[in-house]
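One chain, chain A, appears in both complexes that follow, with chain B as partner in the first and chain C in the second.
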Partner chain A sequence: MPRKSILAICRHAPYGNTLAREGLEAVLACAAMDQIPEVLLINDGVFLLLDQDAQQIGEKNLRRNLTALPMFGVETLHLCERSLQERGIDPAQLALPGAELKILKQPGEFISGFDQVLSF
Partner chain B sequence: MTLHIVNQSPFAGSALRDCLNAFHPGDALLLIEDGVYAAADRQTALPTGATYCLTADARARGVSIPATVESIDEARWVTLCTEHNPVVSWFR
Partner chain C sequence: MENLKIEGREIPLDKEGFLRDLDDWSPQVAEALAAQENIALTDDHWDVIRLLQDFYREFELSPAMRPLVKYVGQHLGPEKGRSIFLMQLFPPSPARVGSKIAGLPKPTNCL
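Up next, the complex of A and B:
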């Protein structure tokens, strides 16, 4: 049976609830099972890429979890252009070591190309 | 094409708005649970000809379904899932 393509949609900001953390953990779990998913940061999920000092609120830095993704084979992060614009984030200021950041104008078209979609 | 399923009231959270931002022509939208309150939302335009609503959830909540939204039962929901790929949940 051909392998199915998997997309993880992360649309929640870090720290306010557990979804952002759970999403990244699911991505790592998929990758560890040799099912490397694509990752789409959309809506408040784009806030994951900002530099963070989570110690201030006694949390573990979630951006650090993002930086682990390339080591697990997730080498591209897809970002929704509109979500970045709405939140005043300049894509030119964003970077993640070892990962390519791809800006999507049409996230819906991108999503429709996958077999399985995990939502966080 | 994608089937988007929303289960949150548009007045309580961003699930429907986030879904519509990622809606592609040819996709379908299914409103379930508190998502059916979107039928009462005057601010948000739902995709015409592509929006479905679970009859039981709407009736249970006293939400009247506009003519632009197709009211369906669970069996039709299953059919929608087989007709579309992928299925994306916008819960929370």
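Up next, the complex of A and C:
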């Protein structure tokens, strides 16, 4: 049986609740089990890519965790163009060392191409 | 797991032998943790222990096997960035055993 394609969707900003962390941990767990998922940051999930000073609230820095993704084999991050625009984020300012950032105009179409979708 | 006693100081461990307080780590603590795994630390071990600690500082998480192999390869060269090299140093599970001796938290996604 061919391996199923997996997409993890991160829809929430870091720190407001635990969903952003849960999503990232699910991605890392999949990758550690050799089931490397694609990752889509959409809605407030695009905030994950911005610089963060998590020490101020005694939390671990989720952006730092995100920079580990290429080490785990996740080498592309998909970003929703409209989510970036609505939040005034210029894609030119974004970067993740070792990863390619792909901007999606049609996230719905992209999502429907996967066998399994994890939504956080 | 019994606590470690080093120079009269008691170092608390969790039930799998990981440090309860990561600030307790010192090279002597690493030697004692390694002894519990029947490992005598060589220069190769110390190179990997330092890299594990760098990895944790950089990404704020403990590595699983794949990223550890990749990270070691990037920093110590392709000869050492191989599972077999790490297996020989930290059997039977290099990411878990290495993280323990380096004073990192248990890798969350490591079985």
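The definition used in the following text is that the second predicted complex is superposed on the first by the 120 of 120 C-alpha atoms of A that agree within 3 Å, B and C clash if a C-alpha of one lies under 4 Å from a C-alpha of the other, contacts with A are read in each partner's own complex, and residues count from 1 in each chain.
What we mean here is this: a residue touches a chain if its C-beta (ideal position, glycine included) is under 8 Å from a C-beta of that chain, and two chains touch if they have at least 3 such contacts.
Remember, it's a predicted structure, so these values are computed and weren't measured experimentally.
J.: Pick one for A:L94: touches chain B only (first), chain C only (second), both, or neither.
T.: Neither partner.
J.: Just checking: does A:Q116 make contact with chain B only, chain C only, both, or neither of them? Give me first, second, both or neither.
T.: Only chain B is touched by A:Q116; chain C is not.
J.: Please indicate which partner A:F72 is in contact with in the superposed arrangement: first for chain B, second for chain C, both, or neither.
T.: Only chain C is touched by A:F72; chain B is not.
J.: Output check: A:S83 vs chain B and chain C. Expected answer is one of first, second, both, neither. What do you get?
T.: first
J.: More residues of chain A in touch with chain C or with chain B?
T.: Answer, by number of touched residues of chain A: B.
J.: I'd like to know which partner A:P107 touches here: chain B for first, chain C for second, both or neither.
T.: It touches chain B, and chain C stays clear.
J.: Under the touch definition given earlier, write down the residues of chain B that touch chain A in their complex.
T.: Touching chain A: residues 1-2, 14, 18, 21-24, 26-27, 85-92 of chain B.
J.: Could you please specify the touching residues of chain A with respect to chain B in the complex?
T.: Within the complex, chain A contacts chain B at residues 7, 9, 11-12, 17, 19, 42-44, 80, 82-83, 106-109, 111-112, 114-117, 119.
J.: Please output the residues of chain C touching chain A within their complex, sorted ascending.
T.: It is residues 58-61, 63-67, 70-71, 107-110 of chain C that touch chain A.
J.: Of all residues in chain A, which touch chain C in the complex?
T.: Residue positions touching the partner: 25, 28-29, 31-34, 60-61, 64-65, 67-68, 71-73.
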